[in-house]
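What follows is a pair of complexes built around subunit A, which joins subunit B in one and subunit C in the other.
Now for the complex of A and B:
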């Protein structure tokens, strides 16, 4: 996902001082890397772009230029799925960012080193614990006949794992650890002198967070939020294993279109849907980058 | 809250602030332990209104802990902190009415210099125009009127500490606290900033506690110096008195340079040293056999060229008008002596010299191991 690579341009990268003298030599050094990136990312992107605007006549096999795939990808069930993905990603990323920040802060200020190590190690594992195993774990515990669902009688209270909120909860399971990993170094970077200087200048605890800690953390928090959004937006296996198509998601639609589960000959619509996802990612970046620049202005 | 006090002009002009000559600060029997480490072990100390008191002592003797208790960042296990006779031990840090300058890196990184200085005013809901004006005034006061729009990382270490000082003064605290504010700076900046802090402090008449482990800094800036050791007060006196009449051997050796010369207490009040008998200053320590060290300042030691002398010059260090000559006594004990530079020229390393002391009471201490 494009968004996950950009989160690395956080405070640390922005604080780096550009070296001017050996610019030409520098370019030569990165040229192979650039070529590799152009080939490995550019080629599929071009193929996707081409495919999205092509129609193939099933009878003759002839291809022609068309915007019909696009139009289709932004209508009906496909549009619902795209919006569903955006909503699910935004909501789960938002919740995970808040909870992850709180958890990371608790860990950072804890006097117990072992707790800190344990939480960070667990986060490293759980942040990558997506896909089928995660789905299975949730089905077994919180599914219709899951252990907790039955023991606590959750169904009576309207609980349904195979719903928007069920899926959100499942995503939180790997998004919160991801946020903890992202924001812990930033929290470690908050100096105790800043808190004390704020208190010394009459700030209450809340005022310290509002006027010092959060503004200083803002670049990292924004970066984390985008990373979480991207991670949720691109997730496929968890949702596929868990809900089938009971919650409309764009990644599920793409898979269906490619495999021809629902209709045959939808490969090019799948490519158009992929392009829609890229467009959403670009939109997110368009909102994120200026915010990021503003919040990190003091780092230049 | 204290918005009324903020209406008074800061400093300079006719508004020279004479706020009843600052506040009195008292530490009473302060104790604080961190696990097995006793940081403060019954500290008693009174800071007079408007004075600059330096807390001096070796690293780890509890200076910072004492300061942080006054700022409210640290709480005593027992004992009291009084400001103008009022117990502030239970007052939270954000209502303590102290201004603190930290050792380094305490400016808010996301705010420029002006906003850093204005931070406290903003917390107190002072209007934007008013707080900008006041912050600008403070920047002027610390000599950085044109640096308001710089961010901390665009300022040198010395400039950052000036801004931190302006920020500490912004709310017109009753007490100014400085915790080794110069120790991260290079020597030249340290000297100018030292003078400037002193000038400002006197101009504002603000009661100030200045923590340092640098005796020269303490002696040159402070009205009085409190020497601490192991969480207790060893002696609190003016720099001159501290130097001339140290109350203990620890103070004598920590403040200024001291040499130890082996001697022997012959009766309660006399010590035999370098073949002479001198009166003991204060009480002689009760030591088995009377084996003691006599403590002498380099300027009190007299050297004379003497081919029969049993001491040898081992090194000389040019200090300007005086030269510090190091000699060793027959037992190998090093002794430092300050001589006028022209007479030291006659004593190159290797010379045989005689060592003598003036006829004055001397400090003695138990023999060093």
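Now for the complex of A and C:
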């Protein structure tokens, strides 16, 4: 670097070189990142793509291109798991979106700044709190020998944490804070003048929400909803540490197929299932990004 | 008439929202605090023996605790080093000389968001299986073996770096928005410093908040990561906690509570720190 600056001679070189140098320096600085992603992300992604479309004859060892893995990934237990994941993510994202909106509205309209700061900070922390500790916290609280289960005799009433609704209740723990974080900026963007204008025109509170607030909030609400769906859909650690495999989920199926727990030779079906998940995640992003851009219009 | 209609709703609405607001906040507080309190109770209340802190004492004597925690910390440090070395030059270059590369970097750093960790690990597993099948005679095979060394699995650092890219990119980009990199470097350059010195002594000190932010996020991600490590068969902290839970439920909950408190302390430090920088950055959205 230093040597190239000292060898510059003449005004023409001094004028022409910095521009070109800037540009090439930009490429040089970004190149390691691109190379790294190509290696650590591109190679597994290509392997996934290739593996999902190939089948291997166990007898001869010959490989051939096929869509059989996809057919298998959309049949039987795998289809049940895929639908189970979609159902769990949709239900928990829907509930979390409603509850998160309520909580965010309660915080935004509150007069206490400290409360608002506290809830937003806690949300930032809790939204990142998935995985193993979350599973164990709920097992200790509502599991078979959990504190609340024993104290309140919940087992007699048919409570089971290791079920669809138990998992939903657990997922809400990180989904609600995520919703609060997503929707608070939009609620802040609702101007009090709009409510006053509606009131002056004789609108009731319900009418204000129906015709003014919700249409303005709709993009960010929908955007938050798909974001929650995506993060519930991709969650694995919580479910794996908590329910084992009593609830059919696509992530658990992939894990079983990779580690050969159920049947040997299912690795390529696992890759096809992974590709199904990537497709769902792409769909989520394709919905989320335009909505986010749209909702940003109201916040300036 | 007009005065009546404006006075009435205000008188009514001033009382009502406070009720539902209180109810919502109380429910939220109960939902979010009860599991935490119950976990603590679960660990200190031994059935039949009364209160004891034994579970917490056992943590440090437990088999594999120290080694798995150390492994997680080493992985975290390595990941932070790699991700910052890759990202800092790239984002600075985007500001300085190569704004046209921004869409490329945007896409590259968002790609990991559409590939869930479990799909990523399925792909990595496939690549690692190629080793014995196709590459046995080539030097690549030795590399593949070396990165899977259980004492320090480099392959996990690679995966975690990929998973951290989106967060780190966002954190650094937000930090840079508040700094006028071009003026800083030009000032440093016209004082006669070299490019590397200008970056290290003029730009990086201004990015301290963003760098800390990115490091904390990566640390929290690596310490809590379970999916990739478990499915590739390594045993860092989160995997150890799950493995030990089968035989010692109380111990595993105690470790969870402890790791949770540590992670929260880190993230709280980060949010109070990061909140300041992002607020300052907000009004200067020019580019």
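We adopt the following convention: the second predicted complex is superposed on the first by the 227 of 300 C-alpha atoms of A that agree within 3 Å, B and C clash if a C-alpha of one lies under 4 Å from a C-alpha of the other, contacts with A are read in each partner's own complex, and residues count from 1 in each chain.
Rule of thumb we're sticking to: contacts are C-beta pairs under 8 Å (C-beta built on N, C-alpha and C of every residue); 3 or more make two chains touch, one makes a residue touch a chain.
Quantities reported herein were computed from a predicted structural model and do not represent experimental measurements.
Visitor: Contact-wise, after the overlay, does A:185 reach subunit B, subunit C, both or neither (first, second, both, neither)?
Guide: In the superposition, A:185 contacts neither subunit B nor subunit C.
Visitor: A:94 in the overlay: touching subunit B, subunit C, both, or neither? Say first, second, both or neither.
Guide: In the superposition, A:94 contacts neither subunit B nor subunit C.
Visitor: In the overlaid three-chain picture, which partner chain does A:197 touch, first (subunit B) or second (subunit C), both, or neither?
Guide: Only subunit B; A:197 stays clear of subunit C.
Visitor: Tell me which partner A:32 touches in the superposition: subunit B (first), subunit C (second), both or neither.
Guide: second
Visitor: Using the superposition on chain A described above, determine whether A:281 touches subunit B (first), subunit C (second), both, or neither.
Guide: second
Visitor: Per the overlay, which chain contacts more subunit A residues, subunit B or subunit C?
Guide: When the residues of subunit A touched by each partner are counted, C comes out ahead.
Visitor: Shared contact residues on subunit A for subunit B and subunit C?
Guide: 199-200, 202
Visitor: Given the complex with subunit B, which residues does subunit A contribute to the contact?
Guide: 191, 193-194, 196-204, 207, 211-212, 215-216, 298-299
Visitor: Can you name the residues of subunit A that touch subunit C in the complex?
Guide: Listed in rising order, the residues of subunit A that touch subunit C are 1-2, 5, 22-23, 25-30, 32-34, 36-37, 39-41, 43-48, 51, 99, 102-103, 106-107, 109-110, 115, 119, 121-122, 124-126, 128-133, 136-142, 145-148, 172-173, 176, 199-200, 202, 205, 233-234, 236-237, 240-241, 251, 254-255, 258-259, 267, 270-271, 274-275, 277-278, 281-282, 284-285.
Visitor: Given the complex with subunit A, which residues does subunit C contribute to the contact?
Guide: 5-6, 9, 13, 17, 20-21, 24-25, 28, 31-32, 34-36, 38-39, 41-43, 45, 82, 85-87, 89-90, 92-94, 96-98, 101, 104-105, 108, 110-127, 129-130, 158-159, 161-162, 165, 194-196, 220, 224-227, 230-231, 238, 241-242, 245, 249, 252-253, 256-257, 259-260, 263-264, 267-268, 271-272, 275
Visitor: Please name which positions on subunit B make contact with subunit A in the complex.
Guide: Answer in residue numbers: 1, 71-73, 92-96, 98-100, 102, 105-112, 119-120, 122-124, 151, 153, 164, 167-168, 170-171.
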